[in-house]
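Below you'll find the structures, each written out as C-alpha cells.
Common to both upcoming complexes is chain A, partnered first by chain B, then by chain C.
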Partner chain A sequence: MPILKIIIKQLMKYCKKPFFIIRLILILVVTLNNLYLQGQVIPSREYQLKAVFLFNFTQFVDWPPASYDTEQSPLVIGILGKNPFGTYLEQTVSGEKINGHPVIVRYFENEAEAKGCHLLFLNIPESKKRNDILKALKGKSILTVSDGIDFLEQGGMIRFFTNKNKIKIQINLEASKASELVVSSKLLGVAEIFKP
Partner chain B sequence: MAYPINARQHRISVLCLSLLLSLLLALPVDGYAQLSDSLSSPEALKRLSLEELMNIQVTSVSRRSEKLNEAASAIQVITQKDIHNSGAKTVAEALRLAPNLQVAQVNSSQWAISSRGFNNVLANKLLVLIDGRTVYTPLYAGVFWDVQNILLDDVDRIEVISGPGGTLWGANAVNGIINIITKSSADTRGLFVEGAIGSNLPGQGSLRYGGQLAKNLSYRVYGTGFKLPSAVDTSKLKADDSWSMIQGGLQLDWSPSNNNKLTLQQNTYTGDPNPDGGDTTSIRARGTNILARWDHAISEKADFQLQAYYDHTWRDFGNGFTEDLKTYDVDWHNRNALGRKHILTYGLNFRLMDHKVTNLELFAFLHAHKNLYRYSAFLQDEILLLNDRVRLTIGSKIEHNNYTGFEVQPNARIAWLLSKDQTLWTAVSRSVRTPARIDRDFFLYLLPGLPLISGDSQFHSESMIAYELGWRTQPMENLSISLATFYNVYDNIRTAEPGPPPFGIPITFGNGVRGKSYGVELSATYQLASWWQLRGGYTFLKKDLSVKPGSNDLNKGSAESNDPRHQVVVQSSIDIPGGIELGAVLRYVDKLPDPYLKAYTGLDMRIGWRSGKHLELELVGQNLLDSRHIEFIPSSPSPRQIERVIYGRVTCRF
Partner chain C sequence: MLFKNIPIRKKLLRIIFLINGIVLLVACVAFFLYEYYIFRKTTIEKLSTIGKIVSANSTAALAFDSPDDAKEILAALKNEPHIVMASLYDKKGNLFTEYHAGKEVKNFPVHPETSGYHFVQSHLEGFESVMQDGKQLGTLYLRSDMGALQERMRLYAGIVAIVLIVSFLLAYLLVKILKKSISTPIISLAETAKIISTKKDYSVRAVKMGNDEIGSLTDAFNQMLAQIQQQDDSLKEFTQNLEQKVMVRTDQLESVNKELEGFSYSVSHDLRAPLRAIIGFTAILEEDYTSKLDNEARRITSVIKSNTEKMGRLIDDLLSFSRLGRQEMAKTKTDMAMLVNEVKDFFAIEDEFAKIKWVIRPLPQIDANANMVRQVWMNLISNAVKYSAKCESPSIEIGSYVKGDQTVFFVKDNGVGFDEQYRDKLFKVFQRLHSAEEFEGTGIGLALVQKIIVKQGGRVWAEGEEGNGACFYFSLPS
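Right, the complex of A and B next:
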C-alpha cells in the first residue's frame, strides 16, 4: 500500500485538479452504494444455486390435485429453520406459475405451520429434530428437501450434497412415492437414486 | 528512445492510470454486494438446465470463463465431447468445429486460421491463448500452428469469440480470440493410453497419468507424439512434407482452501515441420513453457487472478535463419462488486519478449536482437440497469509498446434480457493490431546493401472499430440459437508500397488500406433426443477494402488475405445403446477469391465403441467426400492437396 501511495503522489504532480475531482466523485459513489446496500441480505453462491434448484423441483415434480384447495391456490415453498436464502428465493419464484398455481415462499416456525405447503426446505442441522419433523409430516404430499447427511435414511426425499465443489442431488424415490408425488424422469436422470 | 512518446498522449495515459489506481484505493474493504450478482441473478440461473446448474462451481474462482458465458459477444464453445465425437487429431482440426472461424489446412504442417476474415498463413488479427498463455510470435504477430499441440483428451473446452477483444486481451485481439482451456488435473486421474494409426496416418500416441499427491493436490504428467501424413502436390505426387512432433509436460493443481486455487503447468516439445517438403531441410522447432497461476476469492464479493509465465520458443528454419523468443508475462486482474449494480474488473499486465534472430546475408531483421516491452492496464465496469434486465459494460485498455507507444482500446457493450430465454446485445469496440517485427525491422536484399523489401519505421498500428449486434434465444429447452452480426471499419491495414522510380525498390510496408467488412454468424445447438445432438452454424462474410489515396499497394488492397464468403459447419453426434457413438462433421467452404480456389465440402465421420469404462475403439474417416483437395494457396511454398485420412484409434483408461 505505501508503494501505491508513493506512486499516486508522483502521479498527482502530473494532473492535480481533475484527479482530485474524479476521486471525490468516486468516493461519493462508493459511499452511496454502500448505504444503499445496507438492509439487503444476499446469500452465498451455494444457496443461490440451491434456491434455483428448489424452484426447478416445482417444475419437475407433480403434486396430487388434492394438495391444492382451488385451481388458483398457490404452490407453497416453505422454509423451516433459519432462512439461508435471504430474499433470493423470493426473487427466484416471483411471477412464476406452475400449471396456473402461483409459486410463493413462506417461512415457518414449526412443523405444524408447515403442513399446508408443497415443498419444504429443512434447514435444521440437528439430526434428531429433523427426524421428529419428518415423522410429523409423514403421509402429507410435501416434497421434503434438506442438506442433512442422513436425511434420506430418515425418510426425507431430496438431499443436496457437494461433490468436487458442485451441487448434486440425491433422491429417495420410495419416500416420494409414498407421499403420492411424481418425480419426472428428467429430474431422476440427473439425480443419484438413494437405495436404503 | 527510438520512438518518442507524444507528450500529450503521455499525460492522458498517466491520468487514466492514476484514475485506475485511485479507484483501487477508493474501494471499500467490505460492504460491496455479492460478486456474482449479474452472473447469477435468479433470471440468469433459471435459464440453465438441471445439468448446467449441477456444473456450476459453488465457489467459483475462475473469473474469465464464467464471464465469457455471460458476455455480450459472439462466443461459441467447442466442448470436449464435440472434439471427441469429431475424430479430430490436432488442435487445428478441432478448431474446424467452430463455425465462426476460417480454418484451412495449407500443407501437412501449416494452417491458415482466422475469424471474421483476413485469413492467411501469416494471419495477424486473431489472438490465441492456451490456458491463459498467449501463443504469439512478434515475428509476424501471428501463431505458429505447428507447435501448438495439446493432448486433446486434456481439453475441457475451446471458447471461440469472433469479434474484437482488445479491452480485455489487448492488442492483436482484433478479429477474434481463441481460448483453449484444459481440464484440471483433478479431472484427469488414472492412466490414459491412446494409439492411432491408419491409411495416411503414420501414427499418433499419448500416455498420461494423473493422481493425487495430497488432499486437494492433484497432478498429471503426459507425453504425446505424432507423425502426420504428407500432403500431395497439384500433380498428385507426394510432397514429402510429413513431419513429427513429441511433447511432454505436467500440471499441478492445488486447492488449499475453497477460495484458493493454484496451478502450475509446464510443457516441452520438439518437432520437425517441413512445409517446403521434398529434400528441403526440415524446420526444427523446440520450446518450453512454464506457467503459474493463483486464483483467489477474497470474499464472495471480490476475487483476483495472478498469473506469470515464461515461454521459450526456438525455431531453426533450416536455411540458417533462426528465431529465439523468450516471453515473460505477468498478469493480474481483479474483480470487485461495487454496490449492487456495478462489477468492476481491472488489471495490469507486463510482457517482455526477448526476441533474437540469426539473420542471413540477404534476409534480415534489424536489429537481430530486440527486447519488446508491453505494459498495459485495463478497467471495465459492468452496470446493471432497468431492474437488472440490462447489463451495460464499458471499459478500456491502455497499452504501451515499443513501436507505437500508447494504444487505447475501449469498448461498450449492452446486453438486454428481452425475456427469460432471449437476449439482445450490441457493442462498439476499438481494437488495434500493433506492428510486428516484420512491419518495422524486416529487410530482404536483392544484393548485399540493396534491399528489395524493407520494413518501415513509420509503420503504425492497424486499427478497427467494430459495431456488433447479436441475438441469443432458447425457444425450447433443447434448442439454442445465436445470431451475431457485425460491421467492422478498418484503417491503416498493411500494404506493400513500391519504392522510388525507376526500379520501385525497396518495397516498404505502408498503412495504405482502409475499408469495411460485414457479416452474419448464425449458430445453433439442437438436442433432438437424449441420444442425438446437432450443432453447427453458417457464416457470411464480405470485405470491402480500398487503397487510400497516396498508396500504391502492390497487393491491390487485398490485405494479403483470402476469405470465403459463405461457410457452413454441421456436427451430428449420436449415442446408440451398447456404448456405440456415431459422429459426423460436414463443412462447406465457399470459393476463395484471390488467388482463386474453388469451393469444397468436407465430411468427417467417426464410429466409436466403448467397452465398459476401460476400453474404447474408434474408426475415423476424414475428408471422405473427395480423395484430395486444396484448402488454401499460400504465397510459398506451392499449393498442396490435403488427402483423405482413415485411421483407427484404441484408447485405454484405468
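Right, the complex of A and C next:
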C-alpha cells in the first residue's frame, strides 16, 4: 500500500509541472502514429528509391502545356499493374507541386484509364502486354517508365536497371521526343542513353 | 651629417624623396587595403558563383542517387586550383560525394550548415543549397584557400616596388633639373662672394638668374658690393691724397730744415772769423800794450778776453750741433768702458775734481758711432762733475742694465740736482736751470746728447731732486 501511495504522490507532483497537457498530447500522437504506420505496407529499399526517382523525373522532364487542362491541373503519376510502392510514393509526392501543378498518384487497371496521366509506371512483367500498352499510348505525352529489360526496344522511354547494387536509368530519347517531352540535359547526364 | 649641414641639392633630393616616399606609402597602403577588401568580396562572389553553378549541375546526380556523376561534376573544380575541398550532401544531410585538390585531405563537415560563405582562418568556406524547381535536393560545401589573395598581394607588392623605384628615379632626375633653378644660383652667388673676398676685387658682380628670393638676394648682394666699391675707392683716393700731402710736407720740412742747418752752420762759421780777430787783437793788447794801459783798461781787456772765449765755445758747440744733422752715422763696435774711462781720466787729472769719488760698473760693448757716443759721455760726465764738484764729498756712479731690446746707461751724481717739473726743459737748446754765473755752460750740451741718441735709435731721460743729485739715462739698441 505505501508503494501505491508514493506513485500517486509522484503523479500528483508531475501534474503540477508546466506543459503537462502538451506533453501528454505529444505522447498520444506519437503512439497513435506508430500504430497507424504499422498497418501500412512498407516497400523494399529498391522501390523506395524508385518511388523517389519517379517523383524526381517530374522535376527534370517538361510536359507540353497542352497536357494540362488548366494551370492548376494536377501532374498525374500513374501506376499500371501491381502497386509495388505501397503508400510510399504517395507520401513522397504529398504536398509537392511542379510549376504550380500539384503532384498526385493514380492507380490504373488498364491503359485506357491511363491516357490522362503524365508519368506512367508500368509494373507489368509480361513483355507482350507491355508492348500492347505502349502501342496504345503512342503519341500521348506520357513519360513511360518500367523495369522491363526490352522496354526501350518496345518504344518505352525510361528503364530502371541495377548495376553494382545501384539503380541506374536508361533513356530512349527518340521516344520521348516523339511524345513532345523535353528531358533535361541534367537528367541525361546521370542516365544512359539508349541507342536502338 | 646634420640636415642643416648638407648641400641644398642633397636637401632638395631628400625632401623630394621623403615626400614621394610618404605619398606613395600612403597611396599604396590605401590601395592594398582597398584591394584586400575588394578581393575578399570578389572571392566570396566568385566562390558563390562557382557554388551555384556546381550545385545547379549536381541536381540530377543527387536526385537520381548517382555519386559517380556527382564526383565527376565536382572533379571539374580542379580547373579552379584555389578550391581545395568540395563535398555534396543529400537531402537528409548525409555526405554524398567529396572532392579535394592535391594532397590536402582534411575532414569534411559531417553535416551541412546554413547557406552562406565566411572566412575561417586562412580560407574561405561555405554551403550552397542544391535546388531544383525550388526544391532542395541537397547541399554543396566549398572551401577555397586564400592563395589567390596572397598571389595577388605579391603581385601588388612587386608593382609597388617597381613604382617606388621608378618614382625615385624620376624624383632624382627632377632634382637634377630643379637644381638648375634653385641650387645653381645660390652656388654661383657663394662662388662670387668667395672670389671677391679672396681677390678683394669689388668690381665683380653676381649674375642674377631669376626674380625669386635668390634673385633679390643677388640684387642686395650687388648693391652692397657697389657701396663697398664706392667706399673703397674714396678710401683709396683719400689715402693717396694723404700720402701726397705728407710727402709734400716732408719735402718742405726737409728743405726748410736743411736751409736752417745750413744757415746756422754758416752763421756759426762766419761768426768765428771776426771773433778770431777780436781774440787775436785782445791778446796783442794784453801782451804788447799791457804797460801802456792803466788798471781799468787791463780789467776791461780781460773781460773782453773771457767773453770772447765764452763766445768761441758757444760757436763751437753750435757748430757741432748743426754739423750733427749733416753727418752720416757709421756704426762700429764700441767699447763703452774704454770711452767712459777716457772721459773720466780727462776730468780726474784736474786737482779741482780730485775729491770726486768714481764708481764705474762694468759696461758692455755696443754697436754705435764711437765719436758721437764719446760726445754723449763727455757731456753727461762733465755735467755730473760740474754740478757735484761744489758739494763736500762728491761721487759719480756710472753703470748700465738691459731693458727689453735696449741697453740703458746711466750717470748718477750727488750734486745740486734739479726740480722734477723742469725735466722736459733739460734737453732743449739754450734752456738752462742754473745761471751762467753759478754754473758755466752754453745750454747746448744736453740738446746735443738727445739729438745724438735719438738719431741712433735710443732715448734720453733724467731723474732728479733739487739738492739731492741727478741721474741721466740714455738707451741704445743692444
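The working rule: the second predicted complex is superposed on the first by the 158 of 196 C-alpha atoms of A that agree within 3 Å, B and C clash if a C-alpha of one lies under 4 Å from a C-alpha of the other, contacts with A are read in each partner's own complex, and residues count from 1 in each chain.
Assume a residue touches a chain if its C-beta (ideal position, glycine included) is under 8 Å from a C-beta of that chain, and two chains touch if they have at least 3 such contacts.
If you're wondering where the values come from, they're calculated on a predicted model, not measured in any experiment.
K.L.:
Which of the two partners, first being chain B and second being chain C, lies in contact with A:Leu187: first, second, both, or neither?
P.N.:
In the superposition, A:Leu187 touches chain B and chain C alike.
K.L.:
Which partner chains sit in contact with A:Lys82 here, chain B, chain C, both or neither? Use first/second/both/neither.
P.N.:
Neither chain B nor chain C is touched by A:Lys82.
K.L.:
In the overlaid three-chain picture, which partner chain does A:Lys195 touch, first (chain B) or second (chain C), both, or neither?
P.N.:
neither
K.L.:
By the touch definition at the top of the document, which applies to A:Leu49: first (chain B), second (chain C), both, or neither?
P.N.:
After superposition on chain A, A:Leu49 lies in contact with both partners, chain B and chain C.
K.L.:
Regarding the shared-chain residue A:Ile98, is it in contact with chain B (first), chain C (second), both, or neither?
P.N.:
Once the two structures are laid over each other on A, A:Ile98 reaches chain C alone.
K.L.:
When the two structures are overlaid on chain A, which partner does A:Thr162 contact: first (chain B), second (chain C), both, or neither?
P.N.:
The first partner, chain B, only.
K.L.:
Check the residue A:Lys128 against both partner chains and state whether it touches chain B (first), chain C (second), both, or neither.
P.N.:
A:Lys128: touches no partner chain.
K.L.:
Across the two complexes, what residues of chain A are contacted by chain B and by chain C?
P.N.:
49, 52-53, 56, 60, 166-169, 186-187, 189-190
K.L.:
Going by the contact rule set out above, which residues of chain C touch chain A in the complex?
P.N.:
Its residues touching chain A are 57, 59-61, 63-66, 69, 132-133, 135.
K.L.:
Can you list the chain A residues touching chain C in their complex?
P.N.:
Interface residues on chain A, with respect to chain C: 49, 52-53, 56, 59-60, 96, 98-99, 166-169, 184, 186-187, 189-191.
K.L.:
Show me the residue ranges of chain A that touch chain B in the complex, using the header's touch definition.
P.N.:
Against chain B, the touching part of chain A is residues 4-5, 7-8, 11-12, 14-15, 18-19, 22-23, 26-27, 29-30, 32-34, 36-37, 40, 42-46, 48-49, 51-53, 55-56, 60, 88, 91-92, 94, 162, 164-169, 186-187, 189-190.
K.L.:
Under the stated contact criterion, what part of chain B meets chain A in this complex?
P.N.:
11, 14-15, 17-19, 21-28, 31-34, 36-37, 40, 42, 45-46, 48, 50-51, 53-60, 186-187, 258, 300, 338-342, 530
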